[in-house]
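Look at the two complexes coming up: subunit A is in both, with subunit B in one and subunit C in the other.
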Partner chain A sequence: MSIVWAILRKDLVTEWRRRDRVAAMLVFSLLVVVVFHFALPNRATDQAPAGAPGLLWLAYVFAALLGLNRAFALELENDALSALALAPGDRGWVFLGKAASSFALIGVVQAVTAAAFALVFEIDLIAAAPRLAGVVALGTLGICSVGTLFSAMAIRTRFREVLLPILLLPALFPILAGAVRGTAAALAGTPIPFEAIQLLIVVDGIYLIVSFLGFEYVLDE
Partner chain B sequence: MSAAVSARGLVKRFGALTALRGIDLDVERGGALAVLGRNGAGKSTLLRVLSGLARPSAGEVSIEGLPQRGGAARRVLGFVGHATMLYAELTARENLVFTGRLLGVDDPGERADHLLEEDGLTEVAHRRVGGLSRGTCQRVAIARALVHDPQVVLLDEPFTGLDRRSADRLGARLGRLRTEGRTLVLVTHEIPQVPQLAESAVVLEAGRIVHSASAPDLDPRALEHWVLGEGERAS
Partner chain C sequence: MGAVLAVLLVIYAWAVTNAPTDAVQGVIQKILYVHPPLAYGAYLGFVVTAIGGSLYLWRGREEYDRLAIAGAEVGVIFCTLMLVTGPIWAKGTWGRWWSWDPRLTLTLLIWFVYLAYILLRSFSEGGERTARFAAVYGLVGVLLIPLNYYVIDLFEARSIHPENLERGSLGEGMGWPFVVGNVTLFVAFLYLVLRRWEIENLRARWARTTDDGESLGEEGR
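Coming up: the complex of A and B.
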């Protein structure tokens, strides 16, 4: 576990000093919210648009793609990725450290995006916040698990910016199915459907285990 | 004496390209081996396979008797790559502390301070690595590789890009590593320095060892001939 904490701490410190990854994700996701605002001009002012949960998750996924694409870029500078690969024991712990830092940074962006989204679409975020946070956390856990694995796979290829979305988006279909349903319930103030939570937990578990085990081979040259 | 680094039948392929073609070598505990050869001969690939960064297509590597496969050998191994493997946004000390945590060092802060003092880097300890000179970065990179007190240190062209003063300092540091009894495997183009840096040398060509020599027969001129592909004619 010391490897996980070491990487999480290092990534947060370097991001605090660079501020490029969170800034890029934040600006992008806020712009997406503004684009949605102008794309849906004729909605009733007293209720959120029917597609609000899907739109919110679109902003989240696009921001996460940006963030995950940068997750290993820092490690390529000065070949620091080799230092991570030389950590003793199972390289799955390196995966957990990188996934944890992505989870934390994307989480910050999601919180700000949700606030902007609520403002633009006149949603009572305070009432929905606890349930919404739970659903978003489960969805983001899945995105960061499989996203960290694919980001590490793509980073040494020439087409990494293109490869990551191509690999990642299909893998996010089951996560989005559960997350959008859960978010719709949270925004409507109704209980989160058990099937949505179950789907997210199962997919998260599968992605975490597969990524943990697969990371050993991903870091090999 | 038993071998600290042992390789048997190492083959490494990258698609259609075969970078290593059946390398066998042993480096005795406390010994120092220089790996020589022209660009593209397979020197860096050999070092990366020995370190566990690259998986061999065939063959076995053991470090201090531990099989490289599985990652246990990484605990007793220090690696200095062609690049510094340091984070530009972190200070020299933070880089060392991070590596110490990664490698499970008990008190990484104390160990980092000790290494920085030993290597005369205390003045730059709290400066970000991104603002340091190439020579200083290389010294920090070597300290980074020694954070977990490894018995075996692999170095890939550590003199590249260094000015004379930095190269002399690095040579002295490598000398200290040898007197401390660590095993060194060093890829270098500095053939005249080989007798000072190592007590044995191998010359690679197209992924094969074409010549090996040990002290006192470590003649830089003969090694140069072998590196230039004129070895058989010269001998």
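Coming up: the complex of A and C.
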């Protein structure tokens, strides 16, 4: 367990000193939101488009891909990845630490993006915030779990930045199916359908377990 | 096995051409003798990949990894042919090439997962690490099949894809060509997987002998 905290703390401290990962994700996801605005030119300005939940998740997924791609970039220097593999105890704990730090950093980006999104698409964010935060947290947990597992693989291949989206996107379908429906309800101010929550919890559980166990075979000395 | 397959193919072609023409759908109904057997082959290939991958992680023997390659590649070929024959039938019967029917969506997703699997292999530098990564990804991939079924069941249960086997809707004289089709394509599947596995084993042995500076002939004895 102490490995999880050590890695989480290390990642957050390095990010606080450099602030490059969050900054890159943030600028990128804000740009995506602005692009959406121009991509949907003929909508009425006083109402959110029907596809708003899906658009928000597209921005989130793009930002997460960017962030996850950098999750192990620092470790690649000076072969710190091998040192991580030598951490005492199960490598699953290393996975949890890395996934937790990505979750925290992506969460910051998501909060700011949601605010910008609400401004551009005229959404009452204050009313939607509690429910939205719950759905987004559940969805992001799943993205960060398989995302961390696949990122550790992609970083060791050629074309690493290209490979991660190809590996990750097919696995995100179950998460997005639940998250977009939950987000739609949250933005509309209605209770979140139970199926969406149920699906997200089941998928998160499966992905966390699989990634925890699979990480053993993904790191090497 | 190759001879058996050749004989079966002749019988198969004869059975399909002599099967009665469907009164409603016409000649396009004959895709039925090709399309479902391809589907079984596709899923079987992905199961073979998962089995090969898990055996590799468990026992660490390279042969199992090579079996996983064979399963994925033959599975992708079967899946691609299924995705080609399906729309041809759909255009004639439904009037359009594609519908976002649950089963079609699921197959498309799984196809992408295994394309990603093959890309992951080809972008990695080969050897033991590639085998480990591929095994982990193959296991996640096979897990996605029931998971996606669950998602589709949860949200979009309606389907326009025929359920011929459950309803027993095959007309007079169509049953045995269908059986012959299943048997032939199953044998074709086995044959292709085994040959692909053999090729990969030979390739590995050749690489080993050229590394050691020995001749292939001596190693073969």
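Just so it is clear, the second predicted complex is superposed on the first by the 220 of 221 C-alpha atoms of A that agree within 3 Å, B and C clash if a C-alpha of one lies under 4 Å from a C-alpha of the other, contacts with A are read in each partner's own complex, and residues count from 1 in each chain.
Convention: a contact is a pair of C-beta atoms (placed from the backbone, for glycine too) under 8 Å apart; a residue touches a chain by one contact, two chains touch by 3 or more.
For clarity, every value in this text was computed on a predicted model and none was experimentally measured.
Of the two partner chains placed by superposition, only subunit B is touched by A:7; subunit C is not. Contacts of A:159 after superposition on the shared chain: subunit C is touched, whereas subunit B is not.
When the two structures are aligned on the shared chain, A:17 is found in touch with subunit B, with no touch to subunit C. In the overlay built on the shared chain, the residue A:89 is in contact with subunit B alone; subunit C does not reach it. Once chain A of one complex is fitted onto chain A of the other, the partner contacts of A:195 are limited to subunit C, with no touch recorded for subunit B.
In the superposition on chain A, A:220 makes contact with both subunit B and subunit C. In the superposition on chain A, A:79 makes contact with subunit B only, while subunit C stays out of contact range. Counting contacts as defined above, subunit A residues 220 meet subunit B in one complex and subunit C in the other. Contact residues on subunit C toward subunit A in their complex (touch as defined above): 57, 109, 112-113, 115-116, 119-120, 123-125, 129, 132-133, 135-137, 139-141, 143-144, 147-148, 150-151, 154-155. Put simply, subunit A touches subunit B in their complex at residues 2-3, 5-7, 9-10, 13-14, 17-18, 74, 77-80, 82-91, 216, 220-221. Listing the residues of subunit A that touch subunit C in their complex gives 146, 149-150, 153, 156-159, 163, 166-167, 169-171, 173-174, 177-178, 181, 195, 198-199, 202-203, 206, 210, 214, 217-218, 220. By the touch rule above, subunit B contacts subunit A in their complex via residues 48, 51-55, 71-72, 74-75, 77, 79, 81-90, 94, 98-99, 101-104, 144.
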